[in-house]
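Please find the structures below.
Two complexes, one shared chain (chain A), two partners (chain B, chain C).
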Partner chain A sequence: MWSWVLHRITGVAIYFFLLVHILDTALVRVSPEAYNAVINTYKTPIMGLGEAGLVAAIGFHALNGLRIILIDFWSVGTKYHRLMFWAVIALWVVLLAGFLPRHLMHVFGG
Partner chain B sequence: MTTEQVEAPRSARVARRSTNFEKWGWIYMRASGVVLVVLIFGHLFVNLVAGEGVNAIDFAFVAGKWANPFFIVWDTLLLWLALLHGANGMRTITNDYAYNPTIRRVLHWANGLSTAMLLLLGTLVIYTFDPCPAGASADLLPSFCAAP
Partner chain C sequence: MTAPVIEGQVAPPSGVESFTVTMMIRRFDPEKDAEPYWQDFDVQMYATDRVLDALHKIKWEQDGTLTFRRSCAHGICGSDAMRINGRNRLACKTLIKDLDISKPIYVEAIKGLPLEKDLIVDMEPFFESYREIQPFLIASSKPEKERIQTVAQRERFDDTTKCILCAACTSSCPVFWTDGQYFGPAAIVNAHRFIFDSRDEGSQVRLDILNDREGVWRCRTTFNCSEACPRGIQITQAIAEVKQALIRG
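Entry: the complex of A and B
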């Protein structure tokens, strides 16, 4: 139930980011100045935290999506769905432990 | 004794032998999901983790990536698979919450139209990209533009 709620919320969040992201990338077709002006806002502290949240959301959605696929196709998937949920959480923590320090150092310097 | 005639059931819809859109949508969500894991984590690694991370991204960075056909294919797949996956997911959510038939139809149309337009826009951007646009100042362009 909660995995479903989180999967849906992260899916919608990523979807709306993707819409914006296709439009901001399309600025490379306008001019280098226009693209750089917008992409530079991605390097500010607030957007940097936003990117951290985005990667956290994608990380959960991706790992839990693989869990859904295993539940659907793996013969004992439904039996282990709860265990796999905790595996998703564990892998997610590992993923963020690897990503966050590096990304926050890029954004905040250090 | 006569055989009793059993009338054929008057089912509202005769079973149609057409493609099952919802089934293929369901399969697509899973098939694209597996591929997207690779495409998205590769994308995040190259753009946010490797080298200077987000600070390295600018016009010249994009031009450098798209000078390599590998990233043109990568980004095209990412665009189509992710947007169709997301749009189909949003279609499911619309069906779940939009009870009003008119609102539901409007949302489905908005979803379909925006998806079609963004696929067209994104694809055009990738395949009509000019890494050395005339008149742009050289310090914003990739180094290979300087070559005679």
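Entry: the complex of A and C
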């Protein structure tokens, strides 16, 4: 059940990100200056942490999404759902271990 | 009714170790209470006692107004599914010693169905979904002789024949909690039992019923149902098989 709860939470979070993302990217059609002004306000440590959270959410949602596809389409998927959940978590941790140090250095390194 | 009463009165042989457990029971009397509330009872129990025995002891010795369903008391009739320490189980199949007795044992009615009194819910929405999937053999030939089946054909739906309609699965499903229109795992399990039965000719009818917004596609594979089933039916797998049958035609 918790994989499903996390999937739902990350899914809704990604949805709200996409909403904002489409709006700010569309700004470039309105005026490049306005676009630059908005993008510059994102360059704060708080937004940096938000980006880390966003990558974490997308990483989990994508990997767990593959797990759900396997549960639905692979004949023994339901049998190994728990194992696959831990595989998702393991892959997710590896992914974040590669990304987070570099990203946080970039955000807080000045 | 007489046998359990006598059993309750027999003094246990001396020297058998007993322990006191606190039972926290979620009470609700629609005639008196606006909201359900938790009430605690201390009961003396033995290692062989089940949660159902504790409920009996409370009802017979402490508070006769405690209301719950039970019939066979041996895990067959499916009457006493309840939420015990946050998990749906049959009270008659849950040994108290297997739970953490250093803390109170929380017992409440199953969720997602209308609460009627104490541990009793209105099962009608549950049985309505069950009836809707036509849980009976549909065959055009007259039953003049046996309908022969191979071992493999029988094996195909063996798991889903075990259902006792206790509603532990359906009332553990988060989709069912928020969307009462969803058929729920139990109805799909019982559809599966006939869809994959080689003697049955109504598979397409049932697949059409389940190929609905509120049918199998509502399943979000949370696996709560498989974990709740007191008969160990691989429910999520059964639902996945129905989904696959719908996709492959």
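In the analysis below, the second predicted complex is superposed on the first by the 109 of 110 C-alpha atoms of A that agree within 3 Å, B and C clash if a C-alpha of one lies under 4 Å from a C-alpha of the other, contacts with A are read in each partner's own complex, and residues count from 1 in each chain.
The definition used in the following text is that contacts are C-beta pairs under 8 Å (C-beta built on N, C-alpha and C of every residue); 3 or more make two chains touch, one makes a residue touch a chain.
Values in this document were obtained by computation on a predicted structure and should not be read as measured data.
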Check chain A with both chain B and chain C modelled on it and let me know: fit or clash. fit
In the combined three-chain superposition, what is the angle centred on chain A between chain B and chain C, taking C-alpha centres, to the nearest 10 degrees? 90
Quick check for you: in the superposed arrangement, does A:39 touch first (chain B), second (chain C), both or neither? first
Contact-wise, after the overlay, does A:86 reach chain B, chain C, both or neither (first, second, both, neither)? neither
Give one of first, second, both or neither to describe whether A:1 is in contact with chain B, with chain C, with both, or with none. second
In the superposition, chain B vs chain C on chain A residues touched: B
A:103 contacts which: chain B (first), chain C (second), both, neither? first
Scan A:71 for contacts with chain B and chain C and give back first, second, both or neither. second
To be precise, I mean the smallest distance between any C-alpha of chain B and any C-alpha of chain C in the superposed model; what is it in Å? 5
If you lay the two complexes on top of each other, which residues of chain A touch chain B in one and chain C in the other? 68, 72-73
Interfacial residue positions of chain A with respect to chain B in the complex: 8, 11-12, 14-15, 18-19, 22-23, 25-26, 28-29, 31-33, 35-36, 39-40, 42-43, 48, 51, 55, 58, 62, 65-66, 68-69, 72-73, 99, 102-103, 106-107
The answer for chain B against chain A in the complex is residues 30, 33-34, 36-37, 40-41, 44, 48-49, 52-55, 57-60, 62-63, 79, 82-83, 86-87, 89-90, 93, 114, 118, 121-122, 124-125, 128-130, 133, 136-137, 140-141
Give the list of chain C residues in touch with chain A in this complex. 174, 220-224, 226, 234, 236-237, 240, 243-244
Per the touch rule, the chain A residues reaching chain C in their complex are 1, 3-4, 68, 71-73, 75, 77-79, 81
